[in-house]
Every structure is written in C-alpha cells, then in structure tokens.
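I have a structure I would like to understand better, so I am pasting it below and will then ask my questions one at a time.
As written, the chain order gives the labels A, B and C, with residue 1 at the start of each chain.
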C-alpha cells in the first residue's frame, strides 16, 4: 500500500484550472521527485496535499485514509509535513521558536524541548544561532531551519518545495546530504524541484508535471535518459 | 504625571490596535467602543453592584474579550471579500451598533466611575500625584508585562506571533489560524476594556467616549502600525505632549491640534515613526 | 463590485425609463400636497447629492473616506456666509459652495496620497477638524449656536421658501449631478479611477500618478457635497456644526454600502432606503439607530453588492 496516493486530483485557483487530474503515489521510505517548469502546478500539488487548497475532484489518501478536504492541522497531525517554497520561516521568531512551531500539533513541553535539542545537534549551524531571530539567518541557514522545523513533528512524509531555490551550489550539496540522511532514517520524501537534474539524481523515481498534468513518470534512470526530459529540463542549468 | 497616565491609557489602546493590525491587517475602529464597554462594565460591577475593584476589573476584561470574540465571529469572519476597505466598513458598522447600545444602556448623560483610590493624592517633593494615576501606570505596565510573557513563553503566544509573521506558513505547520485570530481579538478587546475601566474616573463615561480611541489610533499609526514598542512609546508620547499643550492651548483647539498632528505624522511617514523600513 | 454605470436596470429601454422616472419626480409636488413628504424628498435629494459624490470616491476610485460631512459643512457655511454677510444671491452662492468644496479637496490634497486604514483615519481627522473649526471659530461661524434665519433662495420675484418650490431647485441639481457624474465615470478619467480602485500600486507602476487622480475624485465629490451644503442651508434656514458630524459621514457610507458600491443608482437607492427606514424607525426612539448599524453589517456580509444588485436580480427574474 502506498504511503501517499493521489487519484485524479483537479484543483482550481482564482478561476483557473491549475491541476487537471493528476495521479501519483509515493511508497514508504522512497524519495520521489516532481519536476516541471514554473507554473506547471508543483506547489499547488503540495498545497493540496497539505490541505491548504481543496481539490475540486479526486482523492488523496495517506496511509490508506482519505485526507483530501481535511484541515491542515489534521493532516500535519497524521504525519505529513512541508518545507514550503521560499523557506517561509517566521522572521520575527527566533530559531528555537520556529522549531517549536513545527511541533505545534504534537506539543508536549518536555518532548518538544528534547526535539529542539535534537534538531540543534543535527544542524550545528542552527545551534550557533539558536536564540537569534530567523531574519538574521543566511539563505542556506534558513533552508536548514525550514527543514528542521518540518522534522519537528516527526513526519512520516516530508514534502519539500524547491529546496535549491536561491542557494549556492555548495549549500545545496549540504542540504541534499541532509535530506539523504533524513531518508535513510526512515522519512519518506516527496521533492518538488525546478532543478530537474538535481532532483532526478537524488530521487528514486520521478513525475514530470506539464501544465497541470503528469506527462511522464518512471524510475530515475529512465527519466534521465528520456529525450523530452533531456530537452526540456536537463539542457538548461539554473541561472541562480 | 497626568501626561504619563493618559499616555499609559493611549499606549494600552494602541497596543490592542497593533495586535489586530499585525495579525489581520485590520484597523479596528471598534476599539473605542471596547474602551466604552470596559468603562460601562466598570460602572456596572464596581459602582452599581459594589463588587471589589479588582473583581470588577477582571470581570470587565473577561466580558469584553467575549464580546470581542463575538464581533470577530459575526462581523469579520463572515466577510466574503475581506479587503481593507470592507473590513474598515465592517468595524465602523459594529462601532455604530455598540455606540448606540451604549446610548440605550447608559442614557445620554455621562455616568460616574469612581476610582478605588478615590481622589487621594501623594505628596512628593512639592508635587501632588494622584494615586489613581499611579494605579493606571502600574496596571498598564503590569498588563504589558503579562502580554510580553504570554507572547514569548507560552505555546499559544508563540503561535499567535507565527500567525502575525506569516499566516499561511503557520497554517502549513498545523497552527489553527482562525482560532488564533479569534484569540487575538479577545486580547485586543481586553486591552481596550482595561483602558476603559482605568480611564473612567478621569473623563466622562458615556456612549461616545470611544472618541478617545481616535487619539490612540494616531499613536498606533505614529508608532508604526505594526510595531508594539512603537505603539507604546507613541502612546506615552502623545499623553505627555497633550499635557504640555494643555498649559498653553484651550481644550477645544487642543483637539484640532491633535487631529492636525495626526495628519502631519501620517503625511511625513505613513509607516509611522518606528517601523522597520 | 457593481458596475460603475448601472443607474438603471433595463439597458435597452434605458432612456424611456429615465424619462418616465423624471416625469414622476417632476410631477410629485403637483399632486402631493403633504409638506412632510415633500420635505422628506428634499432631504433625500440632498443625501443623493452627497452619496453619489462619495460613491465616486469610494465605489469608483476605491478610496475610503469617512469625512465627507466635512465637505458638506464647508459648503453649507460658505453659502450661508456669502448670502447673509455679503448679500450675494443664492444662485451664485450655490455655485461658490460647490467650488469651495472642490477647492477643499485640493487643500487636503497631500493627505490623499495615503491609502487604506491610514487614509480612513486621515479622513476622519479631516471631518473632525472641519467640525471643530466650525464649532470654535465663533466670530466667523457663530459657533455652537449655529446660523439662524438664512434667507431663502429667490428666483427673480419668486421667493422659494417652501418645500414645494425649493423642491425643483434640488431636483435640478440632482439631475445635473447625475448626468455629470455618469459622464465622468464613462470618460478616460473614470477609467483611470477604476484602475486605481482595482490596483493602486499597479496603476502607479504604469505611470499613473494616483494621488493626482484621487484628488480629482475628491474634488468632484467635494463639489457635489458643497452644493448639497448650500441647498441644505437654504432649505432648512438653520445650520450648526452639530449637523456635520462623523456620524453623518458614517451614515453616507452606509447608504452607499446598502445601495451598492460603485453604482450611482445604487447610491441613490441606498439613500432612499436609509432615509425611509430612519424616518419610519423614529417611533423606536432611542433604539432607532441600532438597526442602522446592523443593516450595514447585514448588507456587507450577505448582500455585498447592495440593493441595486438585488433589484437587478429581481428584474432579471421577472423578465424571464
């Protein structure tokens, strides 16, 4: 049974059909990538899984139970967590406070404090800035904070929205090493990336999203060799 | 000294305003009526029912918070198109309703709210300082400290700050955003009520006393609509400035000057004097 | 939001409907002898002048103004002063009041670069400053006692000192106002205003100086309000600062919300609805004003497009 399963999900926003019926699945312990250009609907997909957007039609199941249409707080409680596009850390809150928000649905004071310590150990650069406001952090540090915040709820499934955006290559390397480690420890990852090369080298499988529909899917080797994918997404490098 | 205590009142009201401005981008024109409500409840509990002052105080705050919740649920939340203009109009509408309820309940004549410390003065090096002023300042500072503690050390407080920083991200983390917003309304109303019951003995308690909040509006804006510290400083500043001006200008024109100052500040720096850029 | 130009509901037969409506209004004083009713209509006419102007600012240009009574007061006192102290005839004073109202908008011009809540607070401050000046500048305005015995208008040898006779003056102004405003809304100026309403920053980024156009909107509204002030002064023969309050500004706002933002006809409808309800709820005495705030809220929540949209739906349904 797949951990996450989307069936014919269609989503409208502002009168426009952004997702026109997509189906995908993610197995436990996998890393699955979703690639596609800007506006294809990648962030919309993640927002719909999180419950921020409600699908017009279709079903989403997590751990066998339907989660479409549920409120985000319930979905987070069930074990899904997101690292949003652009980090979206709470700039006026400190690093520690940001982490605590991540654990809001499983708040148990002592547990939360232990988790905070655990995260700070895992991310030493955050430990240095533990009491500083998030706004003072560099882009890479903010990304680490966003990831750590996402992990605070001990999610079974971690949704990552464009983690490489706006970051220098060395930092990106660090981040993906961390993601690999997280996956090794048992967290499933669904990764959305504009940087297709990066995404496909990291994931086991991939989905290609074009204008709100799944155009292609397959294991990473197949996609990396695929002509369409090569021409559309692998020929260009990110100009960041 | 008078200036400081009026300043404390303005600061409290302005704080309540900034709370809502930061979480909802809502300029709460009803804040004046929460001040009135607090004062009225003070009259009810302390004067009419003769309950001890601190009981009246807490009861007034609690009841006004409940009213604040009702207002949010019934007038703000249902708005299908919550544009800035619509929310302004909605709060103006509620303020009209409450003002008129105040008129009905209280009558057109001003009511009397006595201070628990009566008219007692303290003689300090030749200056007479009323105990009530001291009460106002102490209570205001106490409330502000409580708020600071709440926002920095409790889960809910941190959640509200997260909502103020980035509402959607907070939602994505599982924070119950609408509950936080309702709670913010409650706190904001409680602050208004506290100001009302504290300022009652100093000025007329009547259905239109909400206009005092207009000056606090100015302070909130002058301090930078989104800055708590700015609101507090501007509130105290306004109180002091007013007292200084009172020595030179008759009270009627004083209001004109206040309003002109408001416009002046707005023009010079629409983001307020203390905003971050 | 409502369409800016939806004064009438039957597009095809629009002109016929206008003429019929006009004929009805012209005919009313000839058949209705009851002074109370005509007086009510006169007051209504004045409010229509006020709200259609405010609608230009709020519904068409998207700027919130809670100080419109300020313009009204300026116009009323201008007219009263000109006629009483300088002996100027009513018609000139009427025009002058409009002009002064418009000039006031230019005077507060710099303030209009503000937006949103800040603008709302500034307009409240403006309204209050006007009221306070009227209240306190006793040597000029007679202060809280107000201006008594304002002489009625004269048309040649005819003295227009009854509700019935003055009715036509008001009607004339209302009609001219409607025509002028509709013209403006349909013009290039109107399109710029709409653009500002939709997205002020966006308009700025394509080179529109939004402050300038906002001032124009306020100036036009100020003109109408100034005229309304003059008409009010000569209708009631007595004005005082207690008339031109924040409360009145809020009432005008309510009329627009209830009638339908963005539509001149809506403003008129809203004025009608609220004037009638406040008259008929008089018997509620001190409770009379609560429904008024509730009405505002109810419309805001349940019928945000106002009466005119409801009416449109009713007409559409009836035409089926």
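By our rule, contacts are C-beta pairs under 8 Å (C-beta built on N, C-alpha and C of every residue); 3 or more make two chains touch, one makes a residue touch a chain.
Keep in mind that what you see is a predicted model, and the values were worked out from it rather than measured.
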Chain separated most widely from chain A, comparing mean CA positions: C
Contact pairs, highest-scoring chain pair: B-C
Chain centroid nearest the full-protein CA centroid: B
Separation of chain A from chain B, taking each centre as the mean of its C-alpha atoms, in whole Å: 42
Approximate Å spacing (C-alpha centroids) for the pair chain B, chain C: 33
Distance from the mean Cα position of chain C to that of chain A, given in whole angstrom: 55
Per-residue multi-chain contacts in chain A, two or more chains: none
Touch list for chain A against partner chain B, complex: 50, 52, 72-73, 75-77, 82, 84, 88-93, 97, 100-102, 104-105, 107, 149, 153
Of chain B, residues touching chain A in the complex: 155, 158-159, 161-162, 164-166, 168-176
Chain C to chain B touching residues, read off their complex: 58, 62, 64, 66, 110-111, 114, 116-118, 120-122, 124-126, 128-129, 132-133, 135-136, 250, 253-254, 257, 286-287, 289-290, 292-294, 296-297, 300-301, 304
Partner chain C, residues of chain B touching it in the complex: 21, 27, 29, 74-75, 78-81, 84-86, 88-90, 92-98, 100-101, 103-104, 214, 217-218, 221, 225, 252-253, 255-256, 259-260, 262-263, 266-267, 270
